[in-house]
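We call the chains A, B, C and D, going by the order they appear; numbering starts again at 1 in every chain.
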Amino acid sequence: MQLGMIGLGKMGGNMARRLRRAGIEVVGYNRNTDATDSLVAECGLIAADSTEALVNLLQGPRIVWLMLPAGDVTESYVVSLSERLQPGDILVDGANSFYKDTVRRGAMLADAGIHFVDAGVSGGVWGLENGYALMVGAEATSFSQVEPLIRALAPAADRGWVHTGPVGSGHFTKMIHNGIEYGMMQAYAEGFALLKGRTDFNLDLAAIAESWRHGSVIRSWLLDLSADVLGGDQQLEDVDAFVADSGEGRWTAMEGIEQGIPTPVMSLALMARFSSQGQQDYSSKLLAMMRKQFGGHAVPSTKD
Amino acid sequence: MQLGMIGLGKMGGNMARRLRRAGIEVVGYNRNTDATDSLVAECGLIAADSTEALVNLLQGPRIVWLMLPAGDVTESYVVSLSERLQPGDILVDGANSFYKDTVRRGAMLADAGIHFVDAGVSGGVWGLENGYALMVGAEATSFSQVEPLIRALAPAADRGWVHTGPVGSGHFTKMIHNGIEYGMMQAYAEGFALLKGRTDFNLDLAAIAESWRHGSVIRSWLLDLSADVLGGDQQLEDVDAFVADSGEGRWTAMEGIEQGIPTPVMSLALMARFSSQGQQDYSSKLLAMMRKQFGGHAVPSTKD
Amino acid sequence: MQLGMIGLGKMGGNMARRLRRAGIEVVGYNRNTDATDSLVAECGLIAADSTEALVNLLQGPRIVWLMLPAGDVTESYVVSLSERLQPGDILVDGANSFYKDTVRRGAMLADAGIHFVDAGVSGGVWGLENGYALMVGAEATSFSQVEPLIRALAPAADRGWVHTGPVGSGHFTKMIHNGIEYGMMQAYAEGFALLKGRTDFNLDLAAIAESWRHGSVIRSWLLDLSADVLGGDQQLEDVDAFVADSGEGRWTAMEGIEQGIPTPVMSLALMARFSSQGQQDYSSKLLAMMRKQFGGHAVPSTKD
Amino acid sequence: MQLGMIGLGKMGGNMARRLRRAGIEVVGYNRNTDATDSLVAECGLIAADSTEALVNLLQGPRIVWLMLPAGDVTESYVVSLSERLQPGDILVDGANSFYKDTVRRGAMLADAGIHFVDAGVSGGVWGLENGYALMVGAEATSFSQVEPLIRALAPAADRGWVHTGPVGSGHFTKMIHNGIEYGMMQAYAEGFALLKGRTDFNLDLAAIAESWRHGSVIRSWLLDLSADVLGGDQQLEDVDAFVADSGEGRWTAMEGIEQGIPTPVMSLALMARFSSQGQQDYSSKLLAMMRKQFGGHAVPSTKD
C-alpha cells in the first residue's frame, strides 16, 4: 500500500508517521523541506521535491492526500493536481474544507476522470498516538481503495472512522462535528466561570474538573483537556481573553440558518468568540450612548 | 389636591414640577436641601425638612409619593413611614422596585391600615415636557384617590397611564417594559453595527437612522434617540464600550426562567451588557487555553 | 415625470396610486390584468399588456421600476429587461432582493449601459397613506433622475428616504432594517408573553399596550400594531402558533456571521420563528431520548 | 461503618446496594416498603419502618443520608430529623437541592448541633456499576466522617469525588454540573438535527455517532448515550418532541444572571426545552398576528 502526502505540517506529518507505523509507503512533499527531511530520517518517508515528482513516484492508480490549509491553498493544489493526475487516480482532501467547495471540486475532478475523496480529520496532535477520527465522503469504489489508509489512521481498524456517503458528506459531517465542539467548549467555559464567580465558596476548579472526569454525566475528552488546563493554572490571569474562531464554526451556524433549524447553542458559542475578539464593541458603545441620551442633557429632535 | 413627594432628584424633581403645573400642592422632602430650595423658588413647592415634618404638613388621608432608588433606600423609607403614617393614608412607590418586594411591602403596610400603591414610571428627563408613562398597581379605592395625580403626570389626562391591577402589578408591568426596552435597544445596536461593518458601502449611519424615523416599520422613540446620537457622532471612537445594566433587566430574565417561558431576546440583550462589562473574560480565557491544549505541547493525562 | 411599473400587487399597486396622486405618469404592467384594469379606472394608470409594450410606451431615458417577488421572478425580469432597455435607461428593483444579487445584477446591467437602482421599501399597506420609507442604492446621476419618484413615494418630500450609496447599498440597508424589525417584534412578543404568564395579576394586555403607546420609552409603530392586535383579542386562542420568516431575516443573521459581529438578538429572533415552524422537533426528540437513556433500562455499550 | 439511608428509589436503592457491596451496614427506610423488602432480601439491608426507628437503629454519632426529591419532601425530612437526631450526628442530603436552601438548612441544623453535609450525586442508574460522581460540601470534620461512604460510592476510592468546600458548595457544584450537561446535550442535539436535515447526503446518524466515540474531539459519555439512542432508532418518529427540565437547569441560568456573567449556551439550552414544552406558543401567536397586521386589513389607530 502506498500514498502520496502533500503537506507535512503538524497534522500531515503525524499522519505520515502513523501510516508508516502501519507499514504503508508514504511519498511526501512539503513546501518547506525541513519537515520532509525529518520524516525521511525518522520513519523512512520517501521525499518528493515537487508535486510533479510526487505524482511520478507513485504507481497508478495513485492516491494523493492533501493535508493543507482549507481555502485558497487547497484550491490551488486541487486545480494543479487535476492536470497532473491520471484518470482513475484518487485525490483525498483532509483539510477542513467547506463542503460546498468539496462538492464543486468533486464535480470538476470527475470531469477529468479523477476520483475525489473528502476526509474530515479530528484528533489534533493526539492523533499520532490515539489515532484520528475520520469522516470520509467518497463513492463506494474509491472508498474501498482508500479504506486501508483510513483503518491505519483511525484509533483502531474497526472504529473511529465512518464512510459518510457521497463526496462532500465527509467534510459536511466534520463541519457539524466542529460546531458541536464549539457548543461543548462554551458549556464548560460558562460552567467554570460560574464556579469561579461564586467566590464565597472559594472552589478549587482543578479538583472539581478532575473529579468530574470519573463517573459524572459530563465526562468527556474536552473535560480531560479542561482539567489539564485548570490543573496547571486556574486563575488564568496572564491569558489573553481572546478566542479565535475558524471557518467550520461559522459554516455550521450558517447551515442552521440555511436549513431553517434553530441552533442557538452552536450559534451563541460562536458569537461569544466574536465578542472576545472585540467585535461587540461598536454596539456596546452605541448602547452606552443611547442610555446616556435618556438622561437627556441635549434635546433630541422630537418625533413629528 | 395635595401630595407629599420624598426624593426630589432628576425624576422626582421634574415630577414635582409637572404636578405643580397642574395646580397640585406639593410638599417635598429631599435629603440634600439644594434641590428642595430650587423647587420652592421655581414652582412653589412647600419644603419639609424631614419626613416627619412632611407627614405633619399634609392633611389626612395623606398621599406620600416615594421617588427614591429601589432597594435598601426605598425599603428603609417604607419601613419608617409605616410607623409615621395613619390608617387610611396612601404610600406610593415610584421607584423601579422588584415587584415581589412590592407585594411584601403592600402586605406589611396593609397590616397597619395603610394603602400601598406601586407606580412604574417611564419617560426619563423627557417626562417633564412630554409626560410620564405610568403603570399603577393599587386597590380600586386607593387608585381612585391617586388618579388625579396620575392624570397630571401622564402625557395627557386620558392616556399614557394604566391601572394594571392589584399591588405589585404596576412594578411588574414596568419590569417587563424595561425588559422589552433592553431587547429593542440591542436590536438597533446590532443593526447599526452591521451597517458600520460593511465598510465597502461606506454608509452614513446618521442619515439612515434619520430616514428610518419616518414611514419605516421600525420607527420608534428609541430610534429617535439613536438618530440623535449618530447625528452627533457615528464613529463613537471615544466612547467606552461598557453598558451598565439595572435590576429590571435581570429580573425580567429571571421571570422568564421562573415562568418557564423562552425569552431569548431579552436574556441575550442582558448578557451582551454583561460581556461589555468584562464579565465574559474568564470563560474566554479558558476557551483560549482549551484550544491551545488541542495543540498539545503538554500531554494531558489520558482518560482511563 | 413618467415611469413604468412592473408588478401591481399589494405593494406595487399602492405605490402606483401614490405616484399618480403626485401627478406622475405611470405605465403599468401586471401578469394578472385585473389589478391593471382597476388602476386604469381608479387613477389613470396607462396599461401595458407586456413588458415590451411597457418599454415602448415610455420615452427615453426610461425609468422602469420592478415591484416583484425577490429571487427567481425578479431575476428573470432583470435579465429580459437587460435586453429590451436602451443604454442610459434606468431599472429600479424595489423588491427585498439579496444585496449580493443586486451588486451582481448592477454589474451585468452596467455592461449593457443600463443603470441599476436598488430601492428598499418599507411601510406595508400603510404606505399608500403614510408614505413609504425608502433606502436607495444608486450612482449619483441615476439617483438624481429617480429622486422625484422617491420624494413622491416617501412620507414627505424631504424625509423618510435616504440615498445610501452605491448599487447594492439600498437593499443591504433594507435587509438590516428587517433584521432590526425581527428583534423588536420578538422583544414585544416575549414581553407580552410574560405579562400573560403572570396569571395572578390577571393583566389586561390591551390596556397596557395602549398605555405604553404614549410617553413610554418603548413606544413605536410596531407597538401601535401590537396594541391594535391585543385590542381585538388578547387570548389568541384560535391563532396558529406559526411564524413565517423571509429571506431578509436569514440574510441578516448570516451577515453577522460573515462579518464576525455578534448579533444574538437578531439571530435568536429568527430561530424563535424556526422553532414555531416545528423545526426544533428533531433535536427535542433526541434530547428526550437522551434523558430517558440516563434512566438506563437498556445498557449502552460502555466506553472503551 | 454504618449509615441510615432514607429514600430507596432508583437512586437511593442502588446507592444502598453499592454501599453494601463495600461491606457497609445500611439501615434503610422507604415510605413504600416494597423497595425496602427487596433490598433486605437482596443485599442484607436492615429495614426500619419509620425514620424514628431508623434513628434508633443507628449508633451515635449517626450518619443519616437523605435520597429524596428536592424541595418540599426533602425540607420536611430535614425539619423532622433536626428534632430526632442528636448533637454530633450527621445528616447528608444527596438530592439535587437548591444550594441556597442547603446553606439555610445547614445553619438551622447547626443551631441544634447537627452537622449537615450536601452531596451532589451524578451517574444515574449506571452508578451502581460504574460508581457515582460525588460533589460534597461539608466542614472538614464531618467530611472525614462520611469519607468512607463517599469512597465506596465513587467510581474508585481515589477519584470521581471531590470535597468542594463548606456546606452548600456541593449542591452548588452539582447545579453547575447539570447546567453544563444541558449545554452539551443541546450541542449534540443541534448537530444531529443538522446532519439529518441535509437530506441530500442521506447520512447514517447512528454510524456517525458511533464513529465519533473513538478518537474525535467530541467524544464523551453523553455521546455514548446518543449513539445508543440513534443505534436503536434514528428517525424518532414516534417520540414526543417534549423535553422536561428540572430545577438545576433553571437555577444555573439564574445564577448567571445573579453573578452578571454571560451564560448564553446554558440559558438557551434551557429555553429550547421551554419551547419544546409549548411555552413559546403565545409569543409566536402574537408575532403571527403582528405580521398579519402589516397587511393591514383593519386600520390601526395611527400614532398621534
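As a convention for this text, a residue touches a chain if its C-beta (ideal position, glycine included) is under 8 Å from a C-beta of that chain, and two chains touch if they have at least 3 such contacts.
Here is each chain with its UniProt name: A, B, C, D = 6-phosphogluconate dehydrogenase (Decarboxylating).
Here the structure is a predicted model, which is why all the values come from computation and not from measurement.
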| item | value |
| --- | --- |
| Over-half contact-pair match to C-D, picked out of the listed pairs A-D, A-C or A-B | A-B |
| Most distant chain from chain A, judged by the mean position of its C-alpha atoms | B |
| Same-site or different-site touching of chain A by its copy chain B, using the half cut | same |
| Centre-of-Cα separation between chain D and chain B, whole angstrom | 38 |
| For chain A paired with chain B, centre-to-centre distance based on mean C-alpha positions, whole Å | 47 |
| Approximate Å spacing (C-alpha centroids) for the pair chain B, chain C | 33 |
| Residues of chain A whose C-beta touches two or more other chains | 124, 130, 186, 188, 190, 193, 197, 213, 217, 219, 221-222, 256, 259, 261-264, 268, 271-272, 275, 280, 282-283, 294 |
| Residues of chain D defined as touching chain C within the complex | 10, 124-126, 130, 185-186, 188-190, 192-193, 196-197, 213, 219, 221-222, 224-230, 232, 236, 239-244, 264, 268, 272-273, 275-276, 280-291, 293-296, 298, 300-303 |
| Residues of chain B touching chain C in the complex | 122-124, 127, 130-135, 154-156, 159-162, 164-166, 168-169, 172-173, 176-184, 186-188, 190-191, 193-195, 197-198, 201-204, 207-208, 210-223, 252, 255-256, 259, 261-266, 268-269, 271-272 |
| Residue ranges of chain C touching chain A (in the complex, touch as defined) | 217, 245, 250, 253-254, 256-264, 267-268, 270-272, 274-275, 277, 279-280, 282-283, 294 |
